Amino acid sequence: MFKHVKDMEYTVHVDRPDPRFAVLLLEQFGGGNGELKAAMQYFSQSLGCNDPKIRDLLQDIAAEELSHLEMVGEALAMLIGGVDTVPRDFAANHMALLGGGPLLINSGGEPWTANYVNSNGDIYTDLSSNAGAELRAKLIYERLLQQTDDAGVKDMIRFLLSREESHNFSFMQAIKTLKGTGVNKDFRDSDFSKKYMNMSTGQGDSRGPWNQGSGTSYESDPNLRYGGP
Amino acid sequence: MFKHVKDMEYTVHVDRPDPRFAVLLLEQFGGGNGELKAAMQYFSQSLGCNDPKIRDLLQDIAAEELSHLEMVGEALAMLIGGVDTVPRDFAANHMALLGGGPLLINSGGEPWTANYVNSNGDIYTDLSSNAGAELRAKLIYERLLQQTDDAGVKDMIRFLLSREESHNFSFMQAIKTLKGTGVNKDFRDSDFSKKYMNMSTGQGDSRGPWNQGSGTSYESDPNLRYGGP
Amino acid sequence: MFKHVKDMEYTVHVDRPDPRFAVLLLEQFGGGNGELKAAMQYFSQSLGCNDPKIRDLLQDIAAEELSHLEMVGEALAMLIGGVDTVPRDFAANHMALLGGGPLLINSGGEPWTANYVNSNGDIYTDLSSNAGAELRAKLIYERLLQQTDDAGVKDMIRFLLSREESHNFSFMQAIKTLKGTGVNKDFRDSDFSKKYMNMSTGQGDSRGPWNQGSGTSYESDPNLRYGGP
Amino acid sequence: MFKHVKDMEYTVHVDRPDPRFAVLLLEQFGGGNGELKAAMQYFSQSLGCNDPKIRDLLQDIAAEELSHLEMVGEALAMLIGGVDTVPRDFAANHMALLGGGPLLINSGGEPWTANYVNSNGDIYTDLSSNAGAELRAKLIYERLLQQTDDAGVKDMIRFLLSREESHNFSFMQAIKTLKGTGVNKDFRDSDFSKKYMNMSTGQGDSRGPWNQGSGTSYESDPNLRYGGP
Amino acid sequence: MFKHVKDMEYTVHVDRPDPRFAVLLLEQFGGGNGELKAAMQYFSQSLGCNDPKIRDLLQDIAAEELSHLEMVGEALAMLIGGVDTVPRDFAANHMALLGGGPLLINSGGEPWTANYVNSNGDIYTDLSSNAGAELRAKLIYERLLQQTDDAGVKDMIRFLLSREESHNFSFMQAIKTLKGTGVNKDFRDSDFSKKYMNMSTGQGDSRGPWNQGSGTSYESDPNLRYGGP
Amino acid sequence: MFKHVKDMEYTVHVDRPDPRFAVLLLEQFGGGNGELKAAMQYFSQSLGCNDPKIRDLLQDIAAEELSHLEMVGEALAMLIGGVDTVPRDFAANHMALLGGGPLLINSGGEPWTANYVNSNGDIYTDLSSNAGAELRAKLIYERLLQQTDDAGVKDMIRFLLSREESHNFSFMQAIKTLKGTGVNKDFRDSDFSKKYMNMSTGQGDSRGPWNQGSGTSYESDPNLRYGGP
């Protein structure tokens, strides 16, 4: 079960209201790489996960992401201020009309959707989805850091950014323990899995470890080979 | 902050896998009147709520709804069973392909969206939204009860259904303490707020306390009066 | 059947174009608490409603909400002005590109969706949903009133705001006639429906009529009781 | 303003409940080529239309489409029957849970969205959008006709299908009166507007009036000409 | 199969970064009448098209629309500039946070959705949908032309605008070859398909070729005739 | 530019129509881990990518994914068969009504949305997103393989499945060349980035390389430390 404790995971300070930055910060409240997405992704995955250790890992991080959602939400409430303080010339219409608390929308006004969640029932796959998701979350926080001078907000963002790194690391470590299982079983053991199809041609064609070496064969004009009638 | 405790709020038993009923039950996992909607609605409202007592009420129930989400999710995982157990002739395609855990979709396959959440920053309004939301949730559980014979599942649904009644009661009690505040201030004190416009006419036109008495005036042909050029 | 009469329900005047306010007003044209939502909610409910008196109530108000949609739409067309009058430095991109008439989007650019509509086939439930919906609509109009100085627009908004109050009153009156029916039957007659679960704890824990009195029992640490293995 | 008259535009008879067909018929209630889409498309267009004659045309047909929405909705309510009559082995889960009245969803469970509406503020363009929209609506009715043996339902569908033809004809006639205006002004008077780019090549390359004659020049290998660096 | 050639269909020049205009131009990248919509509409239609000549037409234009998507995308990347160059006071929040490349969203921040695609499996219908779609695309380009002074961007837009005219012309020519087939078979041969229902009445009622002549009968008060009980 | 070649990348054979399996296969045509998602993700990323070698990699694979979209689409058209062949008792309503060609929807009827696309403008991040995306795509193909006995379809799926492995490998190889750049720069160099927060407690708490070793410190009761007032 989930229990709520009135103290936050990490105390949030905001120096002064800043509706403009609040709009940007919404990206991590109701956006595609935000805290709700992370919480729901790991929580959904945990329900179908039969490995008790990985299940605990997913649940630990899911509960933490919910606690981050709360931190970001509290910061948003402070940054938005009262409905009356939003000036008439402010571009964020939603906030002027619906304010009083943050909405589960992204910085462009799009409501949160479960389409953001990747939960597929194979642990190796799920953890790989999670590793990428944490990098995207960190990247958004890095860009948010460039958009504010509020010391309290910066401190909160640095905390959250560090936590994404920590989660990425944990997921990568867990993946290592699962090599050769699930979707990773018998990986790249067929002919077509070792070919590189050069489907985009012209000035800029390049070679690198992704299309040469490691048993990779390079097909420079793929359709002449396999797509005839 | 949110903390997760491995025990559930109320222990869930499922007698046997039943993918057909799992599809129906998804309505309360990722549907418009389901547990995530309730949790996110009350949680969002609490962030902008300056009345500490109502804030506690919202947070108590938000945390409980998250715990219900977990109960429903655990039941779904048991009802779905392994991916391999979903028969080929089963109509719920999503479940056969993506299974292993429940998705945040409704019983028709539509992903959860924050459009379901009503959080508007006026306490009186928000609590009224919540009272209606709890009735809808209860109604869905009543219908789900008719669709299964599994004793364990029925027991869980009865628990959840009772909790919705309890929440509806709490919200109604709290509304009473707020009469005459916020959106309820100076309510129905203008002329137009006391008129009833008979915009649908013919066999079936009816009168009742909603269009007579209590100072209500009945306009039988509204556009002749106020919409002239 | 629906018939359109060229006169509006209430004549709309707009003093001068104001694209900025038009963007805000879109919230009531294509937004989640706007006029189309109200019209479609009551219209959908009426189709499944077997009580002829409530059916008439729903149809009266549905037709009026469509007429409000028209009023808001006409106001929007006047506020937007011609496509060429939208200045290049205007933030509302959609309006500059697609203008000429209002779109069914909210003030943040999100298209109207039937996810906004609550129609569940139980009259008591439906009317409760409607009572809350009218309060939300009124609240948005109150905030819109603060965002314009145009006398004609203010007059229209005050009319519409009063009508939401009237509808809320009618729905509340109708609910009273249905006590003890549908989802309200045998309400709160089980043990669990009389408990309050204190799921959020710490500084701020509060007591009030929502968690004491009226036969309510207060569970201060719920999971120790019902969630054991 | 919109007024509702209790009589329908055309009386609907349904011989017996048929939830399976009801699911299909939802396509014309809440689907992308259904009656609400048509009504909202013509209504939105009319608000920005400064040609009074075309405005009347758009309003006449918008009001009729709303009346068709009602006919389809009434038929759906009869086809669905009571919630209790939906058998447990029925594939349409949404209907079993949420029934009592039709939802604004399509036959696949997707909620109606304003993304279906094409309203762009140029009369010539809008009427062309409408002409195509009516053909799509007719096509869906033709396919629905093949999926039912209910004489009453077939009679209703034939009526609606005929009305789509009528609307298509009216829009086509109106377009003729607007030749050379709006987006049709100076049409196809540049070089590039007279070229045909053969971007898909191989067995199947064809010639026809769309890429020869009428001043059209045929570019057999387009990127060699205009896309160099 | 699709092959990518590094040269563009038509070389794109952008004189200088202009994030404001980039937001507007997104309408044709990820918007409802943009290049991806066109490409996916014609591509989907081609898959179900059994007429080899029309299939080639659809594939030629689908591939060209993908090449236009690339042109618009390259222009967007140049207009956006680096993430660091987006000023803090810029209204387009999404771009400041997520930039580095264009997103598949419209100018209002709404993500692209397949709801924009009309593909219905009847060639006559599909081509009519396409003719209207090309006009809408052209109209958006005309409005974009008014919103920039960048010579390079204007040149690109004029090219794309001309191509929409060319495609509209091709589709219209192809439709002519299909008269009397598919959905156009036995068109307007029933009584109801020749009536005009005057559903919107009052000052503004008009007559024109759309409701008189060509065998059309005008019903001035439709519900008195067919909707009785 | 994109050019279409009439031959497919790999010839597709389908032994006989199978609408049931077609519904499942839609997951890879218009679903969240399908071919369009992959194509649009890599294509969008390439537009903002300033590293010419990685740009070529992204464009090669984007063009191949479009070619896979075509293969899946052609298979779908064959599996669906004519509209008339879809039996009345078939659960996939959309297909019966709209058939003639595949729609860009997933196996649950949800339309494709750009919310599926992860393109964030940091190469390291983007490639990590891609590596996870390819695993998810492979997983769906593995499950599809279990749902059909058609030899031709199985052959196509095995080809596509192998190609996902190949793409995953290429992306992983490319990531290695970018270590320490972009979002990976100064990774995990702060205190909080090395902590593990035990937010989910009780029976099941586990330790592993994800929360011990490698400099990780384990916080067993996090909020006592950083969240005080």
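Should a chain be cited, it is by its letter among A, B, C, D, E and F, assigned in written order, with residues numbered from 1 in that chain.
Keep this in mind: a residue touches a chain if its C-beta (ideal position, glycine included) is under 8 Å from a C-beta of that chain, and two chains touch if they have at least 3 such contacts.
Quantities reported herein were computed from a predicted structural model and do not represent experimental measurements.
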Joint neighbours of chain F and chain A, given as chain labels: B, E
When chain B is superposed on chain D by its C-alpha atoms, the rotation angle in degrees, nearest 5: 120
Classification of the chain D:chain F interface as same or different, half of numbers criterion: different
Centre-to-centre distance between chain F and chain C (centres being mean Cα positions), rounded to whole Å: 38
Mean-CA-position distance for chain C and chain B (Å): 15
Mean-CA-position distance for chain B and chain A (Å): 28
Touching two or more other chains - residues of chain A: 1-9, 59-60, 62-63, 67, 83, 91, 98, 105, 108-111, 113, 115, 120, 122, 140, 199-200, 203-205, 222-223, 227, 229
Topology of the chain contact graph, where touching chains are joined (line, ring, star, complete, other): other
Contact pairs between chains, per stated definition: A-B, A-C, A-E, A-F, B-C, B-D, B-F, C-D, C-E, D-E, D-F, E-F
Touch list for chain F against partner chain A, complex: 5, 7-11, 32-33, 52-53, 55-57, 59-64, 67, 110, 113, 115-116, 118, 120, 122, 124-125, 128-129, 131-133, 135-136, 138-140, 142, 158-159, 162-163, 165-166, 169-171, 173-174, 176-177, 183-184, 187-188, 190-200, 204-206, 208-211, 214, 216, 222-223, 226-229
Partner chain D, residues of chain B touching it in the complex: 20, 23-24, 27, 91, 106-110, 140, 143-144, 146-147, 199-205, 222-223, 227
Chain D residues touching chain C - in the complex, by the definition given at the top: 1-9, 30, 36, 40, 43-49, 59-60, 62-63, 66-67, 69-70, 73-74, 76-77, 80, 83, 98-105, 111-115, 117, 119-122
Touching residues on chain B, where the partner in the complex is chain F: 1-7, 83-84, 88-89, 91, 93-94, 96-98, 105, 108-111
